[in-house]
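Below, subunit A partners subunit B and then partners subunit C, in two separate complexes.
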Partner chain A sequence: MVTPNSRVGVMASSRLFRNFPAISYVVLIYGFIFLPVVVLVLFSFQDSRIPIPPFDGPSLKWYGAILDDRRMMDALFNSVTVGLLSSMVSVVLGFLAAYSLARLNIPGARFFQGLLIAPLTVSYLIIAMGLLITFTELGIPKSLLTVGIGHVVINMPLCFAILYSQMGEHQANVERAARDLGAHDLQVMLLVSVPMLWPALFASFVLSVTFSWDEFIIAFMVSRFDVTLPVEIWSMLRSGLNPKTNAVGSLVFMVSFVVVLLLDVLISRTRRL
Partner chain B sequence: MTEESVRFLDIGMRFGATVALVGINLSITEGSYVVLLGPSGGGKTTLLNILGGFLEPTSGRIEIKGEDMAGVPAAKRPTATVFQDYALFPHMSIEGNVAFGLKMRKVPRAAREIRVSKALAMVKLGPVAQNRVHELSGGQRQRVALARSLVVEPSVLLLDEPLGALDLKLRRQMQDELKAIQKRVGTTFVHVTHDQEEAMAIADTIVVMNRGSIEDVGTPERVYLRPATRFTANFMGESNILTGRVTEVSGEFVTVATANTNMAVRGTVPVDYEVAISIRPEHLHTEDKSGRIQLGTGYVTEYGFRGTHHQCTVRMERFDTPLRVRLPQSKIPASGEQLTLYVDPDDAVLLDR
Partner chain C sequence: MQALTSRSGRGWALLAPALLWTVAFFFMPLVIMGAYSLWQRVGMRLVRTVSGSNYEQFLAKSYFLDSLINSLEVTAIVTVVSVLLAYPLAWILAVRVPTRWQHIALILAILPFWTSYVVRSYSWLLVLSEGGIISNFLLDVGITDAPVSFANNRGATVVGFVHFFVMLLTLTIYANLVQLPESYRKAAADLGAGPVRSFIHVILPLTLPGVVVGAFLTFVLCIGDYITPQILGGNRELLLPQTIMLQISRRSDFPMASALAMILMMVISIVYVACARWLKLDRV
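Showing the complex of A and B:
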């Protein structure tokens, strides 16, 4: 009775041996990607003042310090506000652009489509510089509003690209059916197009929020007194490493992780329908 | 005098340099079931889209119940369309789908509910009214699309290859049901298909279309038994085409000299014209009877059993193309077998072109 089991064991171990190069490659790759994050999170639980080995935790005191830090909490609130509002604006503008380019016979539609997606290829640094110069020229003071505008500039092309790709022939036909049954343009858009695109609208909104949440360069260059979380973290880093920076970094990472997980669950649910 | 529902007057349609429709003139009688039949690219779907208001024709005019439809958008036309992919609203229940058109017409809630449940009962979908679209089978979706369009009581219902996505058995069952529903509601149906069996089974009138123009219009019997053109003869089932020259004209008949024999067929063509005659495979016989004329002899090159008959290919002396023949179930052919073929002159049809 032992034989079959041990045979399976032998087979499994020989397969493991044969696949050794592949497995070690995978371990190395994932190690390379995730080791910095693991180190960051681990030393956020450090007990002493310096986030380097040996690990002497676990302790939650640095998380407590973050929550007590008034400036950090203000920055967190600013980040959430800018993220939600700029993403909403990005989704609405992206939807309207995609809807008109996909449905109306606009001359030069391909050109406008390219023009809308082009910012995706420009580095954030260049966009930030352009925004800074433009705001200065126009006399618009640097504030959270300008940060929000900057985030719309980077996220709207993304929302447009996602939504445009979802407005295929089938959906066009369903809209045609609605029109045939007597719906006028606004009714078609609100009663058919938007509900049918709901998963894509939500996905592009969530992606925009995560991008805005992590964005540093634009937020740094076009903000002044009120800053977002990444900018606040950066000014904290200038005074040297301590486990508090690790703790706030871990928090930022966790929020992004949860949001992306949420998005993934939503997308897999929609696929099943 | 029967009332006219739809009238196409010299409709032409071009997409850039491509000509999709040329000189379409057609009248559709109120309450009839009309099938536009033809191969893909024949222009039948384009014609349907023009009628539905999804395309504006480049020339000509359309009248529905005597009213000019120029510039009237789909939403305002007394037509409703059953789309090929059904185009149901995936985010609504079945009931929601059927109620949509009535909501757009601001029909009060109470009246709406009655009409929706009646429409669902007609297509036998009452029990699944609350289900979502993705929970239904292909046949059920087809019925939802039908109920959704019929509930708004259009003057003309347009069906764009409505059975194309269904498997053969379901397609035959649905076509009977479509016909029955049409007879019950009395609405004019205009149905597009490339399936000639489907067309014959449901149509009151078949309109055969090819390359953007109408080849033939008539009842299924007329179009099948006395096809007007060579295209119709070949597209509606199988046909043998014999060519010959007119040698004599007498009254309603002309005598045509073909490679093997002289045949008197119904028609009016002047002497010396080259003409074509269509004979259906089931109209070729192996035994002589009074009135039948001999077509000559040939030998069997291919044969196969098709359930209702034996299908044979017979190569005839002096004919360029072999003839297709249907032999009765009891007569089992053999390869190389000599056959003498006869035809009733009434079954031979002189084609216009």
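Showing the complex of A and C:
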């Protein structure tokens, strides 16, 4: 006798059987993707000095060590400063260029468009080397300022490309209407275009901050005494496996993940509205 | 006419900052680097006479040439393995997973993106090194009776790279797959094609351009990366970015480093042209 319940059971189990290869593949790949992160976070709570099995925690002492580490906190502050300022410059310059090429009649606009996004096609390592040689040649001392300059070089093309792609016909019509109603160019740009492009401006800013925050090779090559967080972590790696590195890595991970989740919620909220 | 010129004048003014920045801090450095690659370092001095001696050295010394070959081999392996691993995952996510779960599944699939890049390579060290997770597991199970190290070799570098690029490629291939209307697969099935045939003759050709773009991105990011091989690869064999950094940090030989960087750029350009050609041919 087949009761409705057992029929559902049979169907579910047969579906499970059919999906078995797919499910096991997903489990394996997700295992591969998560393994290092899980190990990183777990052994950040290690009690002894080496972050390998057996796990003898949980202990928060390595997190305490990070917060007490003056250099690490300075590097964190530097990273945030460089990230925010360089991203601000990237968004503003990218926006002005996109507005100019999309709205105002510039002969050879395609050519300039190509010039502006060219840095996207070159390895960071090459950009870093070029900047290092140029700064040395010109006698400009390596500092956080030069790191910020480098981060604008890699982020501005991105902001430009995002903003340029968002300046569609619909916005052009609204801008034309504003102009017909007597607004002059600056008013149109600041009071009409900027508010309409707000989501894209915000997105490119966040993307720039993320890239700057995680960028290593440029920051490594063109900084000297004041360094950013990835460079400070890099110099910690010389001491080999160390729970303190686990702790700072886990902190970065948790902060970024929470920020991303918040953004995700924010974006899906605004989409619904 | 007056209005037009003044508007385009304003256009130039808005364009100028971005343009000047790009010229001053991107194109000029490339030109200076190109010039450096033709100069030489003699002793501790920079000799500004043009010659191709750095490039000749590159071809003559196996030390330099080998690092390029190593880089090409590792990058090729990483690209192929990453695509092969990522495609089925993207496929399952796009086709088999219910729509309302896809979003969360994708967020999970790229979770480790949010650790810093340097830390990501380091965390593989925790897994692969002597006494690490795998070594400990093998000891516990009884397969080995002494700690083993899987780090500091080419395999570790490849694992670290593949980990990163599987995430990246899953995203790009997924984005491609969800754009395909479901009706394509249904039409293929109605016309008598089994799942395998419909995949090979319908789905794969339609997603191949996206895969090639993702693979090219993988290639560029992988061949120019210094961090992963430096942390995971040990120093028995060097990749090109490591050789470049050694020229700068150990020998402060900027001309040689510049020549190597120019060669790296040339390699990337060649692959770029090949991919672009292929994509264009495909579209016709």
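Here is the rule we use: the second predicted complex is superposed on the first by the 267 of 273 C-alpha atoms of A that agree within 3 Å, B and C clash if a C-alpha of one lies under 4 Å from a C-alpha of the other, contacts with A are read in each partner's own complex, and residues count from 1 in each chain.
Note that contacts are C-beta pairs under 8 Å (C-beta built on N, C-alpha and C of every residue); 3 or more make two chains touch, one makes a residue touch a chain.
Computed from a predicted structure; not experimentally measured.
Asks: Just subunit B (first), just subunit C (second), both, or neither: which does A:147 touch?
Replies: The answer is neither, since A:147 touches no partner chain.
Asks: So in the superposed three-chain picture, is A:252 touching just subunit B, just subunit C, both, or none of them (first/second/both/neither)?
Replies: second
Asks: Go through the superposed model and pick first if A:125 touches only subunit B, second if only subunit C, both, or neither.
Replies: It touches subunit C, and subunit B stays clear.
Asks: Between subunit B and subunit C, whom does A:76 touch in the aligned arrangement: first, second, both, or neither?
Replies: neither
Asks: State whether subunit B or subunit C is in contact with more residues of subunit A in the superposed arrangement.
Replies: Comparing touch counts on subunit A for subunit B and subunit C gives C.
Asks: Using the touch definition from the top, say if A:39 reaches subunit B (first), subunit C (second), both or neither.
Replies: Only subunit C is touched by A:39; subunit B is not.
Asks: After superposition on the shared chain, which partner residues are touched by A:180: those of subunit B (first), subunit C (second), both, or neither?
Replies: It touches subunit B, and subunit C stays clear.
Asks: For A:198, is the partner it touches subunit B (first), subunit C (second), both, or none of the two (neither)?
Replies: first
Asks: Common interface residues of subunit A with subunit B and subunit C?
Replies: Common to the two interfaces on subunit A: nothing.
Asks: In their shared complex, at which residues does subunit B touch subunit A?
Replies: Within the complex, subunit B touches subunit A at residues 52-54, 73-76, 79-81, 83, 85, 87-91, 100-101, 104-105, 134, 148-149, 152.
Asks: Would you pull the subunit A residues touching subunit C in the complex into a rising list?
Replies: Checking each residue of subunit A against subunit C gives 19, 22, 25-26, 29-30, 32-37, 39-40, 43, 50-54, 93-94, 96-97, 99-101, 103-107, 112, 115-116, 118-119, 121-127, 129-134, 136-137, 149-150, 152-153, 156-157, 160, 185, 213-214, 216-217, 221, 229-230, 233-234, 237, 241, 245-246, 248-249, 252-253, 256-257, 260, 264.
Asks: Residue numbers of subunit C touching subunit A in their complex, please.
Replies: Interface residues on subunit C, with respect to subunit A: 4, 7-8, 10-12, 14-15, 17-19, 21-23, 25-30, 32-33, 36, 85, 88-89, 92, 96, 107-109, 111-112, 114-120, 122-127, 129, 131-133, 136, 163, 166-167, 220-221, 223-227, 231, 241, 244, 248, 254, 257-258, 261, 264-265, 268, 272.
Asks: Looking at the complex, which residues from subunit A come into contact with subunit B?
Replies: 170, 173-174, 176-184, 187, 191-192, 195-196, 198, 273
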